[in-house]
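Below, chain A partners chain B and then partners chain C, in two separate complexes.
This part shows the complex of A and B:
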């Protein structure tokens, strides 16, 4: 067989369990914070927590931590493009007059 | 033993490229959501208040658990523990059904309250709330279709593991199915606060 199987990283059950615990804790925090009225900050906090959860899922469950640099770069570029896409649309909407 | 050429990196790259198209598909809808949230913050707030936070939270926990089970399934097949790998993949499918049952209870409740696409009650609502519920049905509906597809894919994976087509030395199919499942979970991670917890 080819050599990559020997060097293939296997996610340990302990790590997977820790990640699950963190994800559940962050979910509880998301719900708790949403019950407090922080005005516009509510959306910012909710999105920050959701982004943190996504990073945990991508890094460990989707194995990105153990992939080659090439995969990390293309995944980063994909989400960068999405951020630019959403960000630029928002600039348009926020500064459009009479819209 | 004959050498069969398997392009492991190529298989994963193909899966990721497909996932990028999925990110853009949902990304477009998130752009719509954010622009209308900016335009109708009050209506989105009123709309979000009508959604069931309990069912939303429950479904978040169900999906997080299912992602955990997929990860365990992959770990076990890599260690050569086929039985456990099949068991955790089956648990993932059960979680998918649990998610869909919750979703159907939630949607039925909305239908009973007269809230469904093009309903009279919905058309009487303020413009922003109509958009909120429109996005709600389209985005959670599209996500639900992904959950159904994911459950079917996991079913095929169980079958392939039973046939030893997926095994200790060749597991990229299960890994790729897992990547798809995790992406479905990722999308829900954003849908949940944006719809159920919007303030």
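This part shows the complex of A and C:
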């Protein structure tokens, strides 16, 4: 494995700090939004915030930004499939009352 | 067997310093691992069959026959859990995929042999835990194999151990899937291009992706049941803001694609067998290969057709019903292509072909009755009746089961180097086929008449159907006994065979029987297409 992975990208303190700040801000936003009743949008907003946070973690802290194109495509496909699974359950949840 | 002089078979050369049983339990040889899978899953198959026979015997007459209601609930749960998670899901991929796939690709082993051994050990651990759940705690699980909430959260029976067992079995399946996908990508011999790969390998490739992508969902889902039972978080409890239907979504997101984990490899077996015994190139090689991938893809998007009466939205019912009809297309492509391959072929009705034809007939009955269930309007009437029970037994037993039997008659002579009695094999097939239809066909009728599934007792009007069905179960059991005894006798004492008893043109028929440790005693010829029989004749 080592011959393929000699280069190990090191995140600068500035980037890591910015991402950390963003994550903390988004967490605060998550808590704040949870106190407001947006009806059906409650779930949509919570999922959007959670997705944004996980994207930041995957991109920077898990170094996906610096991986080869192949790995990025594979990870993208996996998340796409997950999004399809979650999205399709919304055909049920979103229309359950009166649909 | 041919004179192979110094080359030893994989039985004589284990490739390690271990001897005896240890050379099997800690082997990294894909053939030995495949055989070990087969031995365990066949043993568990026998257990599952006995439980099934007990269910049928209980149902021969209304009221109590041989067991109490609570025992009955536990027995049908165990029958389902054992048959689905321990027998059918690993059956063809784990046993025959391991034995045959690397040889068909011209490889020496799978990509990750030690991971392969770990898969087997996880499988054994999960199986032992599932059995452990029967005899510990406060009684065997009684939820049915689907572990539906809220009952599974609150029943006092030993559900916690059973779901952890399923979690571990899932890991085994994921690792096998990863291994096969990587092996197919990386270890094909020079000359074995994607379009020269046997269709069995293609089916395992499609199966591998489902195993890798869908099984983690099951792992999380059963883990959530455990969490609910221990911590009572309330994910599925409406009183705490949870949603019980969400459980059904999560469960079926895996468990419907799991049906394709079960059936796709069997379709691969049939696609490999039919051309050999029709002495004809397969009709529509590429469409069969692509339809495997289409089934894997489309089959992953139809899960909620199990939930039409659950209370989910009408919009979801409409969309999932439509998608269900879409998945019928690639399945029908395969059946059409198999039939077209047989057309004007030079057919010899050897046992592997008979079991394959049995597969096509029974799977077609199962598939077409699936459309009645996939259509939301008709499903409302037959949901949770014996119609469903009969449908999935036609698909899973008639499909995967007969596919497994076909594989056992086709490839095991290669693994053991001996041949069974073909006449007895044909008799066994006839008995099995009659018994199978006698067992499950009446269930369609009483299902349409309104007999609900999973009920311990029933109204007298359903007794005739139940009685015929129970009678059929005895004939089926007789057929299984004849088949297994014949195979056992054949593989221990039968006449020795050469390299190619059937006249197959894929690579496994170029090596000696049984194969050597690293699969080939001489360089295989990879220039030939997989179903090109010009100049290939069976050994005499």
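To be clear about the criterion, the second predicted complex is superposed on the first by the 79 of 99 C-alpha atoms of A that agree within 3 Å, B and C clash if a C-alpha of one lies under 4 Å from a C-alpha of the other, contacts with A are read in each partner's own complex, and residues count from 1 in each chain.
Following the convention adopted for this analysis, a contact is a pair of C-beta atoms (placed from the backbone, for glycine too) under 8 Å apart; a residue touches a chain by one contact, two chains touch by 3 or more.
Quantities reported herein were computed from a predicted structural model and do not represent experimental measurements.
Enquirer: Name the chain, either chain B or chain C, that contacts more residues of chain A.
Expert: In the superposed model, B touches more residues of chain A.
Enquirer: Classify the contacts of A:54 with the two partner chains as first (chain B alone), second (chain C alone), both, or neither.
Expert: In the superposition, A:54 contacts chain B only.
Enquirer: Per the contact definition in the header, classify A:84: touching chain B only (first), chain C only (second), both, or neither.
Expert: Second partner only.
Enquirer: Figure out whether A:10 sits in contact with chain B (first) or chain C (second), or with both, or with neither.
Expert: The first partner, chain B, only.
Enquirer: Considering only the touch criterion stated at the top, classify A:75 as touching first (chain B), second (chain C), both, or neither.
Expert: A:75: touches chain B, not chain C.
Enquirer: Give one of first, second, both or neither to describe whether A:96 is in contact with chain B, with chain C, with both, or with none.
Expert: Once the two structures are laid over each other on A, A:96 reaches chain C alone.
Enquirer: Looking at A:46, would you say it contacts chain B, chain C, both, or neither? Reply first, second, both or neither.
Expert: It touches chain B, and chain C stays clear.
Enquirer: Chain A residues touched by both chain B and chain C?
Expert: Of chain A, residues 78, 85, 89, 93-94 contact chain B in one complex and chain C in the other.
Enquirer: Under the touch definition given earlier, write down the residues of chain C that touch chain A in their complex.
Expert: Checking each residue of chain C against chain A gives 213, 217, 243, 245-246, 249, 253, 300-301, 304, 311-316, 319-320.
Enquirer: Can you check the complex and tell me which residues of chain B touch chain A?
Expert: Touch residues, chain B against chain A: 6, 8-9, 12-13, 16, 20, 23-24, 27, 30-31, 34-35, 37-39, 53, 57, 60-61, 64-65, 67-68, 70-72, 74-75, 78-79, 169, 175, 178-179, 182-183, 185-186, 189-190, 192-194, 197-199.
Enquirer: Can you tell me which positions in chain A touch chain B when the two form their complex?
Expert: It is residues 1-2, 4-5, 8, 10-13, 16-17, 19-20, 23-24, 27, 30-31, 34, 37-38, 42-43, 46-47, 49-50, 53-54, 57-58, 60-63, 67-68, 71, 74-75, 78-79, 82, 85-86, 89-90, 93-94 of chain A that touch chain B.
Enquirer: For the complex, which residues does chain A have touching chain C?
Expert: My answer: residues 78, 81, 84-85, 88-89, 91-96, 99.
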